[in-house]
Amino acid sequence: MSNIKNIAVLTSGGDAPGMNAGIRAVVRTGIYHGLNMFGIRRGYDGMVQGEIFPMDAKSVANIIQRGGTVLKTARSEEFRSPEGRQKAYEHLKKLNIDALVVIGGDGTFTGASAFLDQFDIPIIGMPGTIDNDLSGTDFTIGYDTAINTVVDAVDKIRDTAESHDRLFVVEVMGRDSGLIALRSGISTGAEAVLIPELEVDYDAIMKRLDKTRKNKSSRIVIVAEGDKEGGMVVADKIQANFPSYDVRLSILGHIQRGGRPTCMDRVLASRLGVASVEGLLEGRKGEMVGLIGGQVQFTPFGKAIKHIDKVNTNLTRIVEILSL
Amino acid sequence: MSNIKNIAVLTSGGDAPGMNAGIRAVVRTGIYHGLNMFGIRRGYDGMVQGEIFPMDAKSVANIIQRGGTVLKTARSEEFRSPEGRQKAYEHLKKLNIDALVVIGGDGTFTGASAFLDQFDIPIIGMPGTIDNDLSGTDFTIGYDTAINTVVDAVDKIRDTAESHDRLFVVEVMGRDSGLIALRSGISTGAEAVLIPELEVDYDAIMKRLDKTRKNKSSRIVIVAEGDKEGGMVVADKIQANFPSYDVRLSILGHIQRGGRPTCMDRVLASRLGVASVEGLLEGRKGEMVGLIGGQVQFTPFGKAIKHIDKVNTNLTRIVEILSL
Amino acid sequence: MSNIKNIAVLTSGGDAPGMNAGIRAVVRTGIYHGLNMFGIRRGYDGMVQGEIFPMDAKSVANIIQRGGTVLKTARSEEFRSPEGRQKAYEHLKKLNIDALVVIGGDGTFTGASAFLDQFDIPIIGMPGTIDNDLSGTDFTIGYDTAINTVVDAVDKIRDTAESHDRLFVVEVMGRDSGLIALRSGISTGAEAVLIPELEVDYDAIMKRLDKTRKNKSSRIVIVAEGDKEGGMVVADKIQANFPSYDVRLSILGHIQRGGRPTCMDRVLASRLGVASVEGLLEGRKGEMVGLIGGQVQFTPFGKAIKHIDKVNTNLTRIVEILSL
Amino acid sequence: MSNIKNIAVLTSGGDAPGMNAGIRAVVRTGIYHGLNMFGIRRGYDGMVQGEIFPMDAKSVANIIQRGGTVLKTARSEEFRSPEGRQKAYEHLKKLNIDALVVIGGDGTFTGASAFLDQFDIPIIGMPGTIDNDLSGTDFTIGYDTAINTVVDAVDKIRDTAESHDRLFVVEVMGRDSGLIALRSGISTGAEAVLIPELEVDYDAIMKRLDKTRKNKSSRIVIVAEGDKEGGMVVADKIQANFPSYDVRLSILGHIQRGGRPTCMDRVLASRLGVASVEGLLEGRKGEMVGLIGGQVQFTPFGKAIKHIDKVNTNLTRIVEILSL
């Protein structure tokens, strides 16, 4: 049915836990269907430079539990130009590669779209980013691990906050999206969560902190890095408003990207890896594969990367109710 | 609108991580809506014995991250009889308790149905069980933590299996349901997964183990405890079929129940806790609250406890493809 | 033999994992020997304010596994003056408290010395600080947990460093001591470790980084916060020297203080808690109890707080050898 | 000074976390001193079969954090005979291997002694076993990780025990040694610990359990697998003595061997790896390298494997005092 014989897989953009589980699933599904499978190192840059090599079932053994990506990832200026993409295409041609699976975020799919427009080679995308900021899937690969890492970290900080009667402002990842902040805020019993999607109502926050003054010996305020002001400004404002508080700031930083993937991320990456190869064999292209309500769904790249506001106002309301 | 003024919450059945997050959410949501909140110790047994006490916002502070249930749980023979339930009802009356939230599994909801039939007191159920064997919710509270505990354990066992070129049969929880086995099997790259819902095809399993003989230096077979034969028989059969293998059995046991809940279980329990109280205030009763496709849904007790076969044949197929 | 009947325990200075295990051991050992036990909240400040309460065996149940300190900790300006200490002493007198166990670091023992000089009340100190910067014990309570937290975090960062071919400068705690940096550096295969006790030889570091350029795709440099220049300056210097590197900075911050204590910290705190009470009963005072080579030892406060240079040059040499 | 030019390293006996850190340290220290380094797969069996290969600095990259052993381990019947050892020796000769580092336990060192007697080839041993049952080192590589794994597991079981008011008998590893049981018992607040080195005084245990009946809602009894009766018998006896208790048994099994090594095990393995190679260069042989009181020490194989009773009666006393 399908003419596809040789598929290559790459990871691009920021690394996310579960990417390795995704690579493994893509490679093994291809082999299961009798295809030849290839890996491309360092994303589009490696494609431009021709860092492409065959992968067999064994080459993805014992990686499902590892963070990061064994294929590595990088930015590529060259791939943004038609000439760069032409070089990449020639490397693929030389190895008779018919189709691609690309794992990454919106930048990855934008690149894939440009490549597809230029050469009409089938490409399926898999959502691999800790930010969960794509349409067409309930969760992206890496998101569940990242929020659990944040929750572990904030649980530790809460120990210190409780011991010293302190308020901690914790800045978490999420440049355009408050989804890491929101779920980790609910999970750690944060008193307030500030996210880029919503205007901050400082009056309301200060009132809530004041109201809970008697009940609480520790307080946690979670701020997404993409928030207009950022953790440091928020910490200063709270300190200025409540001079008697002992306010501290903690910026979690890069620990949020790494680590062994959770069960959910491994299952998600495995399911999407199978579906992406089988999608290509069914003739699909230019689409991102995702899970919506537990079912595999395909969404055109152009729609997947549109930052539809996923902020669940139920979640923001829950922060407010439970921070009593 | 609602006449409900006093709500009590209890946990029943096997403990599950996230139950504390659920209790916290129920208590704080009630207080948020101006209600008086009560806790019942040790499930229906405590209700029969009158172990009921008021709870305020502070009484659920600092429990969201803790495994088990601060309200404790127990079996109750007495509650199965109308006389036992009568005693329980009188304890509620004395404290003017108008409504209940019960957190547990199918036994919990069966008990709740009987009580509701007898006294027409509004009850909402929350799905709290590691087995994920209820209809009306994609995931039960505790399931995500339990599968991550299994995955952590099997990752450790894989280290030893790799070092010694061994095959490990790992028995995991799931008396009637293979959902823990299936997802943890995919997540740990298990070579085979045996579950109660499916007839075991030993020929196929032996063939698959044989086929992968060359590629693999370690092998993991996951068996749900509810499987017809159980881990020990499976281990013996594999050993008999492959005398040269070094086959070992590991029964994970009770570690699967405890531990700090994952982010997903905390968020799930928090959302359902809010929804259960607000459901009561809207006049609901005799229903379990769940999340389906990310949305809050209510399902009558009778339907929730029906063991509809949730086995996703996609998942069993994925085990086969990826164990190449 | 001993006239001691009533002992109070407090925690002071920065919180450290294992303090709760220490409190538990002190309280239960006192009860075991027939004494009345008291807790003092918020360190010396609580002593000055009279926040003292009786503790029984149950009051320390289920805390051995928890980070932070259930007795809380705080700074106290007032306790630095003879008048403040006089107030504290009167609160103790009122409750007939004969002796104290204080858990903390050098500030804690300095305060204890002043109190002991003024009122001749027996005090034994327990080393509770993540920094391991005291004489008279091989390890302080909290140190082992803190270095494991650092190692977990750097393992995660290494995933990202490997995926992106990056160099990460990671700043860890240790204002006056490089012991957290040194052991976590060895444990994470760091290419270099910068500590306050040693002059930084940038030439040597740059040479080592350059030499390993071919072998390595990721590099980690650990910097103790007490290092003369700090993580940011170090990162800038490396970037300036190797413009082609992708250098990032991560400051781990407060997550290093919290978390469930490791086995080693729980055993250490338990052993020292027993020994501190039994030391008091044997007539000891003004000493810190520690473990040296696995044996309980007592060291006068004045000697314990002297920052003897504990830097094991074997360890710095090991970093160099193993970062090949 | 030394004539040694080529060193091979192997792991033998049960795998232990930190073995990889030890292999890495041996290989890199050899390279640092200008030697050629080799790995032997699957312990003495691989040596007999000639599974020997060169190792460079890169071949041990990114393994310090991984459980198990990348060199694998196995039993060898053949190596027990002079003829088998002769075969092994000839494989070494062919590659001009002058000296060996063997990582394992008492069986490993017994084999090394026989080999050394037969061929006078320098061998240094490193203590790699989770049991901590060797003389000549305070701790063996893997012990600290194993006890932390046990503590994590028992903390989880305690959640369930607390929720259900149960008594759990937990069987942990330690065929001849109660050291895992003892330290994990102290760390988890176990009510009793049964170890092979001490006669069990059931009367005393039953009295202690009875005495604590009022204070406690959960109870944990830790039994070393080498205990005369084992977990199941102990559980039955307690159940018979206290029919009202809800007694459960949990056998932790193989999860105790694997997992990412703790900081302590990584540092220990790194230090001993450096010392073993440098010991060989100084002319040492037939000795195990260990850390005693933080200092590197060498102990003849014959003495290291003598099961001197390491049971610290201080520790058994601490269990009793703190289980009040």
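Things worth noting here:
Chains: A, B, C and D, in written order; residue numbering restarts at 1 for each.
Convention: a residue touches a chain if its C-beta (ideal position, glycine included) is under 8 Å from a C-beta of that chain, and two chains touch if they have at least 3 such contacts.
Values in this document were obtained by computation on a predicted structure and should not be read as measured data.
Any chain bridging subunit B and subunit D, meaning touching each of them, is missing here; the list is empty.
Seen from the C-alpha centroid of subunit C, the farthest chain centroid is that of B. As a whole-number value, the distance joining the C-alpha centres of subunit B and subunit C reads 39 Å. Here the spacing of subunit A and subunit B, counted between their Cα centres, is 28 Å.
Per-chain Cα centroids separate subunit A from subunit C by 36 Å. The set of subunit B residues that touch two or more partner chains comprises 155, 158, 162.
The list of touching chain pairs reads A-B, A-C, B-D, C-D.
By the touch rule above, subunit A contacts subunit B in their complex via residues 21, 24-25, 28-29, 31-32, 57-58, 61-62, 64-65, 138, 144, 147-148, 150-151, 155, 158, 162, 183-184, 186-189, 215-216, 260, 262-264, 266-267, 270-271, 274, 292-294, 296, 312, 314-315, 317-318, 321-322, 324. Within the complex formed with subunit B, the residues of subunit D that make contact are 11, 15, 17, 42, 66-69, 72-74, 149, 153, 155-160, 162-165, 168, 217, 248, 250-255, 257-259.
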